[in-house]
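Chains: A, B, C and D, in written order; residue numbering restarts at 1 for each.
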């Protein structure tokens, strides 16, 4: 290990237990001045828990924390902020009802004569966000912006708060390449200023791009700390999952599906959400949806599923007109939908993993035909096993699971209904490399079984890997459709840019 | 079966302890309290009084539990009680048969619940305010039916529901026992319970999973209306008259209190009918205890407040966590889990 | 000031407490009837048991420019200011069924019964009836803090003082309702050896007495014989109970307060003759000897 | 116009419209007397409603206000009758008590993690119980200082008055608006309403904010009690029953969400006026029986909520189309 004098933050033998889980077991973690330190591990390895212990959001059971060589004990996150530790917690943790500016300056609003100087606050907020190339109405409620924007605001806030240490827990999960690049630019600047930065992510490319050192956790235990330069990807994955991964995403080009389209949407859309579009999907086909942030991908998925009723156009399955005006109607047509925002639209927090998995199936069967407890247990166990959901047992409230495992449980909820048309909005967000590969494999096997899928993802590599066709969105409208050998990252980026130019001219 | 029974008992333990503590406290100040005797073929004694007098709040609490589980609240139950009592009295006095009267009354109660449910589920009005409308107007409707007077009746059948007895138990007790068991079976043997909990925890996610949220919400309020109707019939039958002015007055607060004492969160989600029934019995035990104690009535409210605070403190997650620290480790684990909730 | 009202027509505002009991409903009905008989345009305002609503109502009567105001005050205190405003606007105010703690030049007159006196009459009857035998009395009070509860208790206790054979052994509030009357009586019976220690029940109103009578019957005792029952108000249902021998006596509080009030008002408006400051209504005692069924028939239609 | 001002605007619009309708039927409603009365008669309710707005904005509820008002009145009456304390000193004393009472409820709510609904329900029982214990009689307050205070008013042309308490209410609203929108505390209140867990992660001092909110509500309930005692010159333990529901109604009609985090103190003022208007209209009409009064109040309440929903819905649609 390095000389302690260089350590800006050191955590020694941190312990944290939850009922049924030992989330952290005597974990040491040393962060140096002016380094970007990646904290890696599978879903549920204890990364977020370690962060929360460091910042006082959880009381740790044991161990000590030194900041600048002085022992500190932040009692709450406010304390941590005062000590100069700025944090972006996993999942956007900002207040949707407050304005963007208030979120940025909560607890440290500029004041004049004892009163909050709103004008100054808004001005400063605009200045702060302009560094992130974000031109927003900062007086609007944060909740009215997309997850991505909220994520950037959260980052801006944390960066602004961090005098010594910046902690980013999966900040890039909902960002696209451009935003990530921007974030990294800022991170490098902070690093040059001598801050210590902890960076948690499941994107290994990003780890190699930005980090200096890597610490890996597994099952709540420290596996080791390495210099990034000395650790190759293969070994890193082995450290994380404790075995060799057979293959990461295999960039095998999926074959375009044959046959007549099963699902046919004509002039389908909803005013103010997504412009009318035409869409055909065949059985055994994965249609990927690409686009920049806010291009309307989520809206398109919601309209397809009936979460927002379409106000124009028709939908046909096998040549038969169908009604998709509500989620229930869509589910009746064997649709399934994993929403992007799992915290508010996905998980039912207080209910157990088992109940979350059987929820959609039960809803479809109706309340009079309850699924027997034995059957529920069987389904839950099946999916906990096949999707490798890490949970102490199936009765654990789902909100206590780590983020990635929650995502898998939602996926299980829909698989349990045996859908024929599955819409996945960012299914791999926040999922570790191992699970990521599994999900990609799963998507492929579902396709091979003849299911039709719509997959939205900001990760082009991944999208390219499993899509038989890709639709590019821009400003709530379809602007391009790529098929076969045209599916390349380059082509997608081109398509978006071309649309841009068209718009500009 | 046995583990299920054990989890059930574990869920009800705090309520059972609180109830036992109160009963012991009362019997210390009033020695004859625990006596039970058979008189005129029915059990007679203060304990039976508690079960009997608790009937309206128990019934209301049963419906209220389901509404609260959906993250709602129903302030109108007291007024609905008054309406239903008035309807029952006016139908029976105008010569309808007992069966018709009960049918109509229950239909009216369910209708009131449906109104609330539609306001909440379809018009998307906040439950407190949606049900406040009926709370205010409902008592007026009840008075309109009775014209402000106490509408008395002499139908022996209807009176039997209020003061008759069956198998040695007063009828009101029989009614709430049966109703409580039916509702508990209904929600737990079907998928209703889980779907309602899902709605209460996360309505959006439930809707997206295909749960028929509006219908279930309306059904929950209808159940609450039904409970209120039965409670209204019992309250009227008890005094052989419909007192539109006072029947069920402020009882909604007692019902909500019962649900909370029963450990169901006002934020919706997990619920237990049995625990709410116990909660209602606890509240009635407090009331009866105060009456038996012989304190001047000025002190009623203070005593009640003090006992309630005491029970709630005992139940509060923090306090239990602190206690569990001293207790066996396994229990400790349970409580911290609840703390995390 | 109202276009539609003829010049001769009197507009009178009436601020009623609410409709918390059958007696109150009867008072409202009678007031409306009396106004109609006299061709008075009665503006009725229900205060839902709240003094602030009564004050608001009086204020808006003043704003409307009525010719006179009737108030049945919910509580004795707190009327000076609003009565002063009425006086400034030269609108005569008549108090019904309760007086207020305000200087008496602020209102024209008060038509009330004497609440303390009512309790006294009930107490006297009981003292006379038991005639020196030892007797344990249980008391069902009205709503804690309400003035009838306070005064009827006071009057009753006054009548009992000096009679050492009479003792109030339990006293609880029954909130003026049948349900609570029954519930509290049940607990009294349990607490006093199944009712064997109780010789008489005094209830602050008839409704509680009716509830208590049921409780006594359900406990296997005979109300009216095993336990004497005396109460106040004289609502129709208590006469039925008296006819059946289940209640013994009641003190009448007449709901017709408006009749005398309108008479006094008419006289005052006609030739400016101010009536006395207090028009006391009779507190008549009814017992089983007064042909209760006949009284019941008379009272039945009055909207109790 | 901003999305967040929509409920407020809708409420104001409804109020103006219905005032115009009432005035068309009863021109006297336009008199300064009625307007002055609207202020004076609702002063105590308005002050309590400001506190309630803060509590509700933070996602809580305070059911104890009505009882605290009654307690304050009785306390003042008893103190002024039995001691020679100056009313101002008594005011200070009682405000301290009610503030501490509120703070205590806040402490229980936060530290014992109990729902506000229940804690304040117990507080409601307790405060009224204390009032009963102090005195069950209604006690007049005859102190000359009260007469002085009541003599302070500004006479409007046409016989109406802006009384001291009416003015005080407007002042409290002004302070409330400033605190809610112009202080860090105010933003913290909104933050709690947005989600306690998140607010905590963002470094909001949840404990002290919660305690302060309930203390503030207690303080204003006490102030409201003082106003009520000035209004009636008496203390009475049965006074102000159900005021908490009226206050909650004013807050919600004013466009604040009961779930917390969204709404305006100014909206509460309009909500209060709407309630006052309903009552004034009913007394002006004067032909309704007790029961029809209740039914009409319920129906009008419903109509207002519906109208508000309608306006918000329509303008949202219009925006989306635009």
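Quick note on the criterion: a contact is a pair of C-beta atoms (placed from the backbone, for glycine too) under 8 Å apart; a residue touches a chain by one contact, two chains touch by 3 or more.
Just so it is clear, the model here is predicted, and its values are computed rather than measured.
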Worksheet item: Compared with chain A, which chain's mean CA position is the farthest off?
Response: C
Discussion item. With contacts counted as defined, which of the two, B-C or B-D, has more C-beta pairs across the interface?
Written reply: B-D
Fill in: Intercentroid distance (Cα basis), chain D paired with chain C, Å
33
Response to the item:
The distance between the C-alpha centres of chain B and chain D, rounded to whole Å, is 30
Discussion item. Nearest whole angstrom, what separates the Cα centre of chain A from the Cα centre of chain D?
Written reply: 44
Worksheet, complete the sentence: Residues of chain A that touch two or more other chains sit at none
Worksheet entry | Overlap residues in chain C, where contacts from two or more other chains coincide | 19, 25, 28, 144
Worksheet item: Considering chain B alone, which of its residues make contact with at least two other chains?
Response: 143, 147-148, 297-298, 300
Discussion item. Please list each pair of chains that are touching.
Written reply: A-B, A-D, B-C, B-D, C-D
Discussion item. For a test of understanding, state which residues of chain D touch chain A in their complex under the given definition.
Written reply: 2-4, 178, 181-184, 186-188, 190-191, 193-195, 198-205, 261-262, 320-321
Worksheet, complete the sentence: chain C contacts chain B in the complex at 19-22, 24-26, 28, 141, 144, 170-173, 175-179, 182-184, 186-188, 190-191, 207, 210-211, 214, 218-220, 237, 303-304
Practice prompt. Going by the contact rule at the top, pick out the chain B residues touching chain A in the complex.
Written response: 189-192, 194-195, 197-198, 201-202, 204-212, 216, 269-270, 333-334, 336-337, 340-341
Discussion item. Help me check something: in the complex, which residues belonging to chain D touch chain C?
Written reply: 26, 28, 31, 33-34, 37, 40-41, 44-45, 132, 136-140, 150, 159, 228, 231-242, 276, 279-280, 282-284, 286-291, 293-294
Worksheet item: Which of the residues in chain B come into contact with chain D in the complex?
Response: 119, 123-126, 128-130, 132-144, 147-148, 253, 256-257, 260, 265-267, 297-306, 308-309, 312-313, 316-319, 339
